[in-house]
Each structure stands twice: as structure tokens, then as C-alpha cells.
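Alright, structures below, take your time with them.
In the two assemblies presented below, chain A is common to both, partnered first by chain B and then by chain C.
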Partner chain A sequence: MSAAARPAPPTAARKSAAQRQRRALLIGLTFLLPNILGVAVFTVFPVVFSLVMAFSDWDLTQHNMFKEGLPKFIGLENFVDLITGDRFFRFFANTLFFMMGIPVAVGGSLCAAILLSKDTSAGGGRPYLWLLAGSVLVVSCVMLTASGLGSTAMMLLLIGTACGILLMGVTGGLTFYRTLFYTPHFVAGVATMILWKKLYAKDTGPVNAAVRPVLEVVGGVTQSAPAVPTVIGWAFTALLILLFGWGLGRLRTMRVEGDLGAAAGALPLVLLFIPACIAAIWDLGGPLMRVVPIGISAVAVVQLVRLATAQERFPVNAPSEGFGSALVFALLAMVGQFILLGFAAVALNLAGFVEASAAAGRETLIEAPGWLTNPDFAKPALMIMGFWAAIGSNNMILYLAALTNVPGELYEAADIDGASPMQRFWNITWPQLAPATFFIFVMSTIGGLQGGFEMARVMTQGGPDGATTTLSYFIYIEGFETGRLGYASAVAWTLFILVFSVTLFNWKFGNKYVND
Partner chain B sequence: MKLVFLVVSLLLGLASVGIWLTQPDLASDKPVIYWVTDRNPARELQVERFHQWLVHEGHVDEHGKPIVELRLDMANAQVSKIAIQSVSGVASDLIDTYGESMRLLQAMGVLTDLTEDAEAMGFGPNSTYDAMGPDLMVDGRQYRYPANVSVNLMWVNPELLQRYGLDPPPPRWTWADFEQLGVAFKKAANSAGTRPADRKFISSHLMAHVFDLTNGVDPLNETLTGSALNNPAWIESLKTRKRWIYELNILPTPDDVAAAPTEQGFGRSALQLFGREQYAMLPGGRYMLVQLRRYSQIRELDVVEVPHNTFPAAFISTRAVALYKGSKHPELAKLFLAFLASEAYSQTIVEDADALPPNPEFTRGEAFRSPSNYPREHGVHEIFADAAETIAVSMAYSPYVLPSIINRERNNAEQAYFNNRLTAEQAAEQAARLIDRQIQAELYRKPELLAAYARDAARQRVLEELKAEGKPLPETWIKNPVHRAYYQAKGRLTDQTPPEPTPVVLPFDDEHAVSTVNESAS
Partner chain C sequence: MSTIDPPDGTSPIVGAAAMLSAEDRRAMRDRQRRAERKRFFGSIPLHLTLTAIGFTLFLPFLWMILTSLKPLDQIGADNWLPTLSANTDAGQFSEAAVDKVRAVVRAGDTPTAAFLQAFVDTEAESVRPTQLADMLNAAIQRGEPLPAEAYEGVTLSQESRAHLAAVEANAARPIPPDLEGPALDDALGERSRAVALFNASVLHDALPELVPAPVTARTHNYLEVFRQIPFARYYTNSLFIACWVTFLQVFTSSLAAFSFARLQWPGRDKVFLLYLSTMMLPGLVMMIPNYQIMITLGLVDTLAGLILPGAFTAFGTFLLRQFMLSIPASLDEAAEIDGASKWRTYWDVILPLARPGLVTLAIFTFMGNYNSFFWPLVMLKGEHNYTLPIGLLYFDSSAGQETNLLMAAVTMSVVPMIIVFVVMQKQLVAGIQLGAVKG
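Moving on to the complex of A and B:
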């Protein structure tokens, strides 16, 4: 055996392997270096730097390259300012208000995804039906124009668009509809926001054009039969009390079944009582201030007595057991109560409002709202626009992808068992979508806390009366309009802590349903 | 892969070098200065005239060419962009500023003090309108020079009023006259079937601060140390505006503006609606003519004062050019400021009607007063020029609070009142309280302001006592130009200065702050 053919001694081989590894590492690092540098310079450094700024008195009017003084470390002063001032909490409340729309937006995305997973261009004569419907609409459009009813450009535009959507859907099938639904996501935000401003115009916007006839009918009915809205108002009040009772009963059941610890139930219990407290102190119109607290107190006494006398069927593992589920449930029940309280207040005050309008000789008994100019409507208006944008967003794409992963055998088995479409959804589709839903909720919550800047900047400039200023817009105002970078950084880091806490909460308590 | 990576890196490197070598500054054979300004086609002509002026004045190189090249930067005129670029050392050499933005940039220390150079090169405050002075200065130092000067009056379409059987207003008129004419015009020009998009109004929105001025109101007190909004005059102004907008609806609500068949453009939608004859009047300056000259359907134009309650006055304001402290060519940039004070520049303003020329001398000629190409305008130009020298008042700016904060608090209170969330009295109290709180916070953050504040606050107390007693007020103590002009008009000023009161002490825990005040007091 020649020396060349002889295998290298083990130490030399190890050395050579180590050299190769080092070389590979170096080459790898060289490839990665541009990205690492980019992340370090443009992400890591600014993030760390902003953290330092949050604890300083950095003010652009005092500290910059043309001023001699350096920013001072002021400890938690910016955070104390933030907590003791009223603006942060006001704008945080605005942010939370917008976030209340997240469940609706996610539900909308899911519905859109389910609809778009059906093949509209499939056989069975469906295309012919679509074509027929489209033709009817076109004929309607022509007839409306001929008779003068369709003289407004908006009506023609709407009918024409509807026809186009139906006909294109027949020819393009799912691809067309998926593209159409996804359009809000890739159209420039500013452009759509300007469009929505026009839609929301009080006197000439299509939204109020649709709302106005409804309000006229409601006004007319209220004027001729004032008892009707009053009865409806009390019905809402009854529903509110029932919802409270049901919520409390649900917590009691969780407790009895061993799913809810004593400590874990405290905060959800408090949340359930908040709408009643608000009703008691908020001037909603006489009777509501008394009936809601009294009704809720009565229901509470009954439920608490039942809880006290009930025997626990299963022991509770820990006092904090079931906190996440109970909290989410209580939050949803609280939002539901608030919505019912709002409807009840509107209905019960409607007769008086209409009477006052009639006495004042107003042309319209109930005027359509100024969506972006009235502080009471500006937030809901932006929230509705947010639904439109969110339903056809990446959430829908994620749900579409998740739907394709649901095993077909499960549906086949359900069909054999004779399951209805609703049972198929609740027992197969919904549980199978749990990981996607969890991810979407986490991302939507983060997005919700950070969002609202573009809308506020383009549509309302944060007004009217600060009603649409969110935390992200607040950071911009403080940082770039008054130059208080230290304070703005403190707001940004507080926002980060909120996002982080909510995400942790989601992971701790939401993940359970995904893994189950 | 490694080869591809290397080739791509090399190509990127070469591209970077190519871009570096072809960047505008390097492509020029002479120093280049930049002017960040608004998107106005007139700027091109002004740059051209500047280059011609340089040659005319002998600022040339060995080839007889201008020694500097001025270029426009119209993409960065937003104040937040300018602020960030300034503190990063990359702002344009010359910066267009308005009252509010100049205060912010000056507070940041990014503007060059021009006082001595302005005096030497002929662009000092004495080369412009007297009332303009306070708007160019901070603490007696000059930081900018006007590119144009505007006085807020009201454009009138007399023919439109006459069409509905109404007489155009007199040159000076009151709130009561305005309300009467507005109600009559609304009734005559609109019918029950008028579509919202076609509604006619006596005037477009009246700017709050302009309207308040005509009632002798300013957000700041006489010494600029606190808010002056919590007073009956502002409450009266608020109530009147609400009545005109929401009750009588002689001025458009925001919803009325949204219903109009136009989108905001230059001069906002008001100008287009005045051009469409939906507004009979339009508050604004001479600069409106730049656009109004395109609306040939308006056959007559007139100008009157903004209606007043207690104080016939008008704000004078400016788009003025400041010099960036980080400029690489400050001496060359100052030449442009000298150009702004020259006849050559004023001539461009006279011709294109972009407000008033910086130097009032150039408003006296026929070219300004009776431009031959625009007979419709004869008689209106001199009204602006005369107003600038008679009733014009500069806006007030406090060293203790940024104007943007005052505007924010005032607007919030006003919106809360207009939306029935607060009464006028509550709105006035809230606005004043929040502005005062911001002033206190600013003093806490900037102890170097305390000495001056302590002195001025003490003077303010004396002034309040004198006002309550109806006695004359010492002119030298009144820093706020609005109040000074108001008291002067009412004959309540005196040259005699009372003894200096003991400076006030602020209730701060900060030792440095308290000692600064005490030093000042001693």
C-alpha cells in the first residue's frame, strides 16, 4: 500500500473536518451577514435605543446635534406621567373599543373562507341559475333607468356592480371571487379610506342613503305608536338580564363541574356586574337606571343561592383553574350586555326624542348620523370599515388553507351518521380549525393594539374630540408634533408590554383548546 | 452559489459607486443649495429669477455664471419630515416655515440666527411690514425672512349677492351685519328642494383664530405665561360660531363640506366652492388669486374685512424662509434671503399674486394695484396692502408652550362644545386648564425658562389687577401682539411702567427650578 493511498491519520482527518466546518461556517456567515447587519442596525438597535429613550427626558427641542445638553436619565417619570395623565387611558380605551370588533372580523373571515371553499362554477345547472339572475338584474337596471327610478349614478353603479360580480363569478368561478374578496388587502389603504370618507358623507353618502329610509320608518312608527319602541326597549332590558343570569349560571356550572377555581372566578364575576353598575350611574333615561340594577341583583341573588346550595360534582385542582376560559367568556358576556344596554337605552329614549323633534318642527324626526363628524359615531364608523378590510384579509387566506387540511374522511363519516350541515361545522370544521383560529386571534389582537394609525391620520385626524385617536396615533403625535421622544417611547413600550401580556395570556389559556 | 453571491455583491457595489458619482450635487460644477418649499409652479420661476439676480448683482464665477445653484425640494415640506431631517443633519439649506413650524424648529435650535446678517444684507425686519416683525423674531432675534405676506380678509362675489337682491357688505362690518346678511342669503339662495351638494352659504368656514381676533380674544394672556381662553369673550365667540354653523347654518358644517362635489385641493374645497358660486364669500389672503384667476365665471371681485364684534383687525402671517444651521453653504444661502428682499423677487409676487410682496414698497406701484391683464381685480390689491399696514396683527407665540399644543387643546374643547359634550363655559375652562397644565409641564422640563417666566407671571398678576381696576396698562409688559393691538385700539396703553413685582415662585419639587426662580427674585 502506497503512502498516498494510505488513510490519513485520525488526528489529521479530525483537523481537516474541523477546518471544513469552520470554512462552511464562515461562508454561511458571509451569506447571512447583510441580513444580520440589516436586522441589527435597523431593528435591534432602534428597539434597544427606544427602550433607553423611554427612561430619558429626550425632547427634540432640547436634545439634538445642535444643542449642547444631553438627555437625562429620569427613571420611570415618563411612565408615571403617562399613567397619571388622562390622555393615555382615553386613547387606550379608544384602541380597546376598536378591538371589540376583532371577533366579528374573524367570524367574517371564516364565513368568507367557507363560502369561497365552495365551487360556484360546479355543475348541477348552477351556472345557468347565475346567468339567469344576472340577466334579471341587467333587465332591472335597464327598466329602472327607463322609468327614471335609476336616475342616480349611485343606484346604477350598485346594480351594475352586482351584475358584473355575478356574471364574472359564473365565468371565473372561485378564482374570481377569491380575488374579489382579497381585493381590500392589496388596494392601497389611503385610497380606500378616502373612498370610505365619501361613503360616510352625512348628506350625500350611500351609507346614509340606505339608513335614511329606515330611520324615516322608525320615526314614523314611533310617532304614531310610541309604545312600540318602549316595548322593544324593555325586551332588550329583559334580554340583558337574561344574558347576565345565563352568564352567572354558566360560571356556577363551571364551578360545580370542577372547571373553575375560587380565585379564578372572582374577576369574571366582577366583569359580569360592570354593565349593571354603569347602568346605575350613567344617565340612560330614568327607568333603566333602576330596573337593570334591581333585575340583575335579583338574578344574582338567585344564582348565588343556587351556587351556595349546590354540591360540587368534581373537585377543583387549583384556585386558578379555568381562569382563562372564564375570563374570555365573561368578557364576551359583558360586551353582549353592553350592546343590549345600548339598544335598550336607544329604544326607551326614542319616543321622547321623536316627540322633541316633532315639537321643534324638524324636517326629519330622526336624522341620519354624521358618521365621521360626530364623536358618538366616529368610532363605530371606523370599526365597520375595519370589518370590511379584515374580512377579506390574510385571515381569510389562512382559513382557506386550513379548510383544505380538514380530512375528508371526517365529513364522510359524519354524512354516514346523518349529521346536518350545522353539526358538521360545529363538530368537525370548527375543532379542526382551532390552530388557525388561535393563530388568527393572536395576530389580530396584536394588530388591533398596534393599529388605527392610518385610519386616524387619513380620515379623522384623530377627531372629532379625540374620539378616534388610538395609541399608535398618540405615539406619532407626541413624537413628531411635540418632539417628546422620551415620552413617546414610553408610550410605545407600554404598548409593547400590553401586546406581550395579551399574547402571553393567549398562549397560556388559548393554546389549551388548540392542543385539545 | 458562492460565485453568484460574489458577482451580485460586485454589481451592487458598482451600482452604489455609480449612484454616488451621479448624484446631483456631484454632477454640478458649482455649490448647490436646496430650498424645501411647497408644490407651487411659481417656485420654478422664482429660482430662475434668483439665478438672474445673482448675475445682475455680480455674484458670479470666472465664467460670469451664478456662483451657486438653487434647487427645489418639494417632497419634504411636511414639518415632521423637516424636523427629523434637521436633527439628523440632512435638512435642506433653506426651509419654508410658517408661524407654528418656525417656533418648533427654533426651539430645536436648528435655525440660524440671521439678525446681524439680515441687517447687513438688507433683509432685516425694517424691510418688511411693521406688523410682521414679531412673526420673524424669537426673543428679539431674527430667524427668517418672508417669501410672501398674507393678510386674512374676505373675498366677496358681489354679483352673486346682487342676484338674490342683497347688497354687498361694506368694507368694515360687524358680526350682527354678517348674521343678518347670512340668514337673508341662505333663505334667498336655497329652496326646500336644493340638493345638499348644491347648497349655498354666505361664506366658507371662518378660521377660529381669525374669528376670535375680531372679538379681542387670543389663546394666550398678555405676558404669554398662561391661557386667556377662560373668559367671557371666548365663550361669546364659541357660542356665536356654533349658532352660525349648527343652528342658523349660514356657515357650512363639516357634513355640508363633505357633501360638496369636490375634494380638498390647494386652498381646500372652499376655493372651488367659491368658484362654483356656492359660497358668496371666502376668507383668505391675496394668494387666493393664484387660483381665482382660473374661475372666469366670477365677473366681479371685492374684498372686505372679516366681520368684527369688538376689534376690527386681521392677522398678518407669512410663508418665510429660514436658514438651516447645518447648511454646508450658509453664506450662499443668505444670498437667497437677500434676493427675497429685492425688487426682482417682489416683482414675481406682484405678477403671480402669491400674497403680498415681502417689501411693502413694491405694493405702491400701478403694476401691483392695477394689473393690466386682470381688470376684474382692480381695486382689491390695495385693500390687502393697506390692511397689512393698518389693521394687521401678528400672531402670538409663547416661549413656554408650543403652538401645536395650544391648537390641539383649543380644537378639542371647541369640538366637545360643538358636539354638545360640554357647555361653552366648560369648554373654555377645559381649554385654559389644559394649556396651563402644559405650560407648567414645559417649565418643569425646561428650568432655564423659569427665570423669565417667574418675572412675566408676576407682571401678569399686576396686569390682572390693573385690568380689574380699569387702569391703563404698561405697554412694555404686554408681549402678546394681539392684546397690545387690542389695548392700543381701545386707548388703554400707557408708556409708564410700574415697579417690577417680585417674581412668582413655582410649586415644583425640583431644587434647581426653585433655586433658579429664587435667583431671579433676588
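Moving on to the complex of A and C:
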């Protein structure tokens, strides 16, 4: 543009060059115009505008753009409200709780991808197909009869479905199974959420129909032998402490072998201790809130001593080295600890619960829960649904693609060295998948922080008692139901800052991890 | 994948084997067969695991389809399958049929019609199909078989006679007095069910055009959905929005991508960086001001208000730019030498070559908008503009306990997507691997 304002260039050649450039700019912008106009109006302007709104008391019921009653500028009041009130942090905690499902879901996708990447083409063994289907038929008949499931027709239907899947899987191989796994993810939306809402229905849902006989058995066993659940509960506790030890040991090994920098180790280390802290703060009933922290401290001391006495074999290059893999280990160990903690708490409290139930003279000792109406069950219920939709998601496809790119020579070399399947996985597959894992975790974290809206709106209305309200649903409620657009914008921007800093953090440390 | 040769002997290996002695050939075949067998049996645990996962993932869909075929009174039964039900429901009557039934009953010409007068309200101004179904059900579920005079002169069908035999057999075999609890409930339930089936079957025999026969699978649940809510309208709206957004998105994005990838102009890369940075902005932040914009433009509760904000994205431009960069530059130069304008180059050279990228973007945009929930939920107020997800959401609250109808609606919205997926899955998988994410 500036070229036009200048005095005419001395030579014709230069003039034509400038003209050509202007023409190129014009053409380039013309092609860009329809899209850039739309992006400017519906993306850039709203974003700037919402930043303005976040500092105002804009209320849908009182103000309307370019109409009377202009909103006032109130400075940081919205943000102060948000930080001093307890709702934001409560719903942020809910969001984080839901995000703990991410490592489990990604693990599931990885397992599915690994299973699918094995050569499933069975060749021309047609006679064996029928043998296989027949044996499944017999085995599942026996199993279903033993479990006392429903009428004969339904039994046959279920078995028939299983055999059909098996037969189509054997003939169709990878493609068929991949289609089957991916379908729940592909169709996930309001429709499947309504479906799951009905599956979870307290009295008429099939989930509870399947759970009830199990609870009956558990209740009966607990009543006649209260020691059984207690022993199981302590076994879970022991497993929890072992898992913590495994995670910490892994970090220590990485440190000793020079794969983990001091700065990079900090966050994973903190993550490992979170379940123990929660166990110490929350009243989980019984001695659990003392035993877990004590056990974990003991393990930590042992590991610390071993770290202090070990000789560092290789020097650590950078303080940020090894962040990615340490973080993934720590995440896995943390989520595993939480799951075990939950099981342990349930098992240890079971005897008392059943006793009280029997004393009250209830006919069923353990009632099947209202999955979406009980605050203790709503979050896990939604996570199970999310897991159903997430196993065969894009993550599985990405892992499948990454798995086919792992050079076969690596496995051959490992076979020659006599590596066990676990060693093959941890030393070849896992490091080779690092870029895919990193990408998946970054995308899942971004999605997880902003997620949970549909589930909350369709299935639980954010309830019971706010137990399933995530930040995105909070924004919706504040912005569109109570109409406080200013406050909702402030929440949205806070969420954006969170997402942005997590992403930035991931790129800073993660790129290193991927390149290693 | 499989390297096993076809048995017709056309393969070169079998051809080579023909030169060997018969014994060698047999040994070779044996070895081949043994390897095949070993491979097959070795893969069984893998297949069983995969089947177990697939089966578990499929179970909700199975329940969905079976429940959509159930009558209302079998919702929540332990048996997933719909079973023969005596009750009629509203979906089996049209508005015209309702008046016809009432006219026949009011006339009371036949013994059955006269009998039904005790149950069916013939005086009321108007009766809805639901009410008529309830009235007939009251007659069917009256607890004892229809008296013989109520079906005088009617030839009983084979089904009716079978039901009658069952009722008589039950009557001849009294319930043991020591039976109690669930077992007693079961026995009583079975008896009243047999009676109800007989009643329904006889009513159908007597008034075959007016009273439906007992059925197992209620396919008319699907029709009932269309009667209760403008389901076709929801479909059309969803498709309309998804098609328009997809068209606009693919068209404008490909133009912009062409500009970024194939044209040289000053400041291009800076503008592109700006574009990239808008991809970082979270959708939630934009929703609130966009709503204000739509209020100002008067586009709230219109389909245009749903199409416009979704139609222009930096993501599509980014995806297509990456794709167009992989097309060799010599093609544009050749086009330029031939005197083609930039538009011709775009339309005739680059677009056809970028087809896989366009298809990927189109699929993701289409599915994302077909399924989109937040924005339509905020924008739509009137039922005539509802998209499929919004319609389903409100049907969920209005259908209440009618899980069978709800599942019919859910099935109808899920099954087309499954079909689309199965047809398109090759492109989809390729698209995901291209680095795209579900949009």
C-alpha cells in the first residue's frame, strides 16, 4: 500500500514490479476475503468483545447491545467475585475429577490399538470358524445359565450377537473390529446420552438389573462373613501403596539413570502424593485416613534413602529433561491410586453398612444406586459413559497409525535379546509412541478442561447438588440461564487462561520429550 | 494380508509344486495346512478378547433397539426382548380409527360392541387415541376372560383358542397354597397375562379392523414418534444446517487456503500466523458475544443464525493449506504459462487435486454440525427450528416414562450416522491420521 503513496519510481521496470506486487496483494486478499470476513466477525470480534464484557456488569435481562441501559465498567469485580466465591473452585474441582478419566481412556485406546495392530487375518481356516463359534456358543450358554440371566430367548440373543461379532471379526479382521470400536465415539452425542440416561435409570435401567444380583451376593457374603470385605479392603490399600512405590521407584530409576531433570521431576512427584493427601483430608471412614498416609510416607522414605545412596550413573543434561514420560507415569500411578483408594474405602465401610442395613430390617441389604441421582455415583457414572465413547476414539486411530510406523527391526532385535512382552512394550513400543501420546494428552487436556457440558445438560442438569457441573456448564448457566453475561465472560476467560497455560507448559516441556 | 494360495492351482507356487513328486507335494500341503491351523488357533485368544470388547461396546445399542420395539408395560422388565403383549397402545390407532371404534361401540350391533359399551366412553365430545387405548386396555385387563356371550357368533382364531386353552389349563391347576413371595407374584402374573392375551385376541377376532391383535415387536413405536413430535422437521433442519455450513466452510476455506498456499503476496505469512493464533481461542469465549451479535442482527431462533458462526473457521483454512502445500508448484506454473487466471488455477487445477483434503474437511464439518448442541441450544426457541439433538433433548423431557418411544427416536437419529460412518470410514480414518481432530 505504501508503495502507491511514494513518488513514481524512476524506471518502468521498477514501476511494473511495484504494480505487480500490488496486484498480487489484491488477488491474494480477494481469495482470502470471504473467509477472513467471517472469521473477523464471528471469531475475532467476539473474542475482543468478550474481553470487554468480562470487565462489565452486562446482564442479559437489563442490557442489550446498542440499546438503552448500557452496562457499566466494573473493573476486576467479576474476577474478584469468581475467586472469592466457592462455586468456581468447586466446579473446577469437578472438571479435574472428570479429567482423571483421561489417562484411563487413553490407556484403553492404546490397549485396543495394540490388540487391533496384531495380525487378525486368520487365513482360510473356514472349518475352524464354525468350531470357534460353536465353542463360544457352548461356553457362553454355560456361563449365562450359571449367572441366572433372564429368559432363554434373551440368552440366545446375547450369545447370537457375540457369535455374530466373532464370526464377522474373524472374516473381516481389523476393519470390522475397528468399525465396531469406533462406532460409539462416532455417534456420541445427545442421542447416546439419552440412551445412557435410560441405561442408568434407578428402577427400570438394565445397569441396575445387572448390578442387583451382584449386590445381593456381596451383601449376603458380608453379612455372614464381615471379615471378607475388610480383608479385601486392606488388600486394595496394600496395592495402592505398592502402586505408589512403583511410580516413585520408576521416577528414582529415571533420576539415577540420568533421564530425569530436577525441574521436570517436581510435578510428577507432587502428583504421586495427591491421593495420599486426599485420603488424609477426606473422611473416608475408619482407619484408612491414617494408614494410607503412613504407609505412603514409609515407602517414600525408603525410596529417598535408596536415591540418596545410589550412585548417579549418568549426568542429567537439562533440568527439564524427561518431563513427559515422568508425567505420564505419575498420572497413571495417581489415577490408579485414586481408583484403588475408592475401592478400599468402599470395601472397608461395607461391613458396617450391611450391619446397619440389617439392623434396620431392610429386605435388600445393599440397594442398587440411583446412578445419576446420587452425588457419590453421578461422576463415576458419567465417566463410565465417557469411557465407552472414548475407547475407540480418534486416539485409537492415531495410536494404530503410530503403531504401524514402529520399525519391525526393533522387535526382532528384542526377540533375539530374549525380551519379555512387558519389556518389549516398555522399552520399544512406549518410547516409539511418545509423540502420539504427547499429542493425545495435549488435545485431551484441552478438551477435558472445556468439556462436560453436554453430559451435564442432557443427563444430570449439573446435579445432583452440583456434583456434575463442570466449568463449561457453569458458563452456560451463568451466561444463558441467569443471563449474567459479564460474569460468564469472566469465567470463560479464566478458563481460557487455564487452558492456554497448560498448553504452553505442555509445549515447553513436551517438545523436549518428543524429541528425546 | 493372507498369503495362503487359492486351491484352484493357479498360483505360481502350486505350479512349481506340480514339478515335484506327489509325495513332496503332499508333505508341502501338510506343512502349509499345519501352519495355517497353528496361525488360526494362535489367534483365537486375540479374537475372543476383541469380541469381548466389541460385544460390551455394542450392548447399549442392542438394548436401545430392543427397547424401541417394546410396549410401554414391558419397560424395565429383566427380559430385554419384547414379548407378546395384550395391551394396545395409542400408536396403533389413527385419529380416524378412534372415531370408527366409538361409532361401532355406540351402535352396539354385535354382542362384542355391546359388551364394550361398559368400557368405552361413547358420549364424550372427543377422545384421543391414548384414551381409547386405555379404555380398551381396561376391557382387556379386566382380570377374567371375556364372557362367552360377548363373542357370540365369532369364530375364534387359532391364537385365541390357544390362549383359551392356556387359561383353562391354569384354572384347572390351582396355585399351591404354600406359594409366597416372588414365586406367587410370578404365578399370578402368568395367569392374568394368559387371560389378557385371550381377551385381546378375542376382541381382535370380533372386530378385526378396529382392535389390533396382540403383537410382539411394536414397530409402530417409530410411527408414534413422528406423530408426537415433528421429527422429520428436526431431521430436515439438521441436514439443512449441516449442508450449508459444510458448503460455506469448504468453499471459503479452500479459497483462503489457496491464497495462503499457492499465491505470493506481501505480508502473507504474517496474516497466516494471525489466522493460526485464532485457532487457539476457545469456543466458549466466543459464544457469549456471538449471542449478543445474533440478538442485534435479529437472527436468534433462525437457521441462518446457526449457519453463519460455524461457516467460517481458521481450522478449515489451516487444514486445507497444509494439504495444498503438498501439491507440486510446477502445476500452477504450467497453468500460468497456459494463460490461466488465478481463478482457473484454483478451480481447475488445485481443487481437483486437493479433493481428499476437501472430503476430510467436509466430513468433519458435516458431522460436527449435525451433532452440534451448545449453539443450537442457546439460539433456538421455537419447535419448528429445532435440530435433531435439541428436539431429542426436549422429547426426553416430554416423553417422560415412555422409554420405548424415546429409544425409537434415539435409534432413528443414531442409525443414519452409523451407516454414514460405515460407508465413509476409509476417508474418515485417513482424515484423522492427517492430523485432523473431530470438529
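Going forward, the second predicted complex is superposed on the first by the 342 of 516 C-alpha atoms of A that agree within 3 Å, B and C clash if a C-alpha of one lies under 4 Å from a C-alpha of the other, contacts with A are read in each partner's own complex, and residues count from 1 in each chain.
One rule holds for everything that comes next: contacts are C-beta pairs under 8 Å (C-beta built on N, C-alpha and C of every residue); 3 or more make two chains touch, one makes a residue touch a chain.
Just so you know, these numbers come straight off a predicted model, no measurement behind them.
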Check: Taking chain A as the common reference for superposition, should the pair chain B and chain C be classed as clashing or as fitting?
Finding: clash
Next item on the list: Have a look and say if chain B or chain C is in touch with more residues of chain A.
Entry: C
Note to self: Is A:495 touching anything from chain B or chain C once the two structures are fitted on A? First, second, both or neither.
What the structure shows: second
Check: After lining up the shared chain so the two structures overlap, which partner does A:336 touch, if you call chain B first and chain C second: first, second, both or neither?
Finding: neither
Notebook entry, point to check: Given the touch rule stated above, what does A:27 touch, chain B (first), chain C (second), both, or neither?
Noted result: both
Notebook entry, point to check: Does the superposition put A:373 against chain B (first), chain C (second), both, or neither?
Noted result: first
Next item on the list: Go through the superposed model and pick first if A:431 touches only chain B, second if only chain C, both, or neither.
Entry: neither
Notebook entry, point to check: Of the partners chain B and chain C, which touch A:398 in the superposed model: first, second, both, neither?
Noted result: second
Check: Which of the two partners, first being chain B and second being chain C, lies in contact with A:43: first, second, both, or neither?
Finding: second
Note to self: For A:57, using the defined touch cut-off, is the partner it touches chain B, chain C, both, or neither? Pick first, second, both or neither.
What the structure shows: first
Item checked: First, second, both or neither for A:465, with chain B first and chain C second -> first
Next item on the list: For chain B, sort through 57-65, 75-83 or 381-389 and name the stretch that clashes with chain C after the overlay.
Entry: 75-83
Next item on the list: Residue by residue on chain A, keep only those touching chain B in one complex and chain C in the other, then list them.
Entry: 27, 31, 64-66, 194, 197-198, 201, 203-205, 480
Note to self: Which residues of chain C touch chain A once you look at their complex with the stated criterion?
What the structure shows: 1-2, 4, 36-37, 39-41, 43-44, 46-51, 53-55, 57-58, 60-64, 67, 75-76, 78-81, 251-253, 255-256, 258-260, 263-268, 271, 275, 278, 280-293, 295-296, 308-309, 311-314, 317, 342, 346, 367, 371, 373-374, 377-378, 388-390, 392-393, 396, 403, 406-407, 410, 413-414, 417-418, 421-422, 425, 429, 432-433, 437-438
Check: Which residues, counting only chain A, touch chain B once they are in their complex?
Finding: 27, 30-31, 57, 59-62, 64-67, 194, 197-198, 200-205, 370, 372-376, 463-466, 480-483
Check: Across the complex, what residues on chain A touch chain C?
Finding: 21, 24-25, 27-29, 31-32, 34-39, 41-47, 49-50, 53, 64-66, 112, 115-116, 118-125, 128, 132, 136, 150-151, 153-154, 157-158, 161-162, 165-166, 169-170, 173, 175, 177-184, 186-187, 189-192, 194-199, 201, 203-206, 209, 388, 391-392, 394, 397-398, 401, 443, 450, 453-454, 457-458, 472, 475-476, 479-480, 485, 488-489, 492-493, 495-496, 499-500, 503
Next item on the list: Would you mind writing out the residues of chain B in touch with chain A in their complex?
Entry: 2, 5, 80, 83-84, 86-89, 104, 107-110, 196-197, 253-256, 258-259, 263, 325-326, 402, 404-405, 411-412, 415-416, 419, 421, 445-446
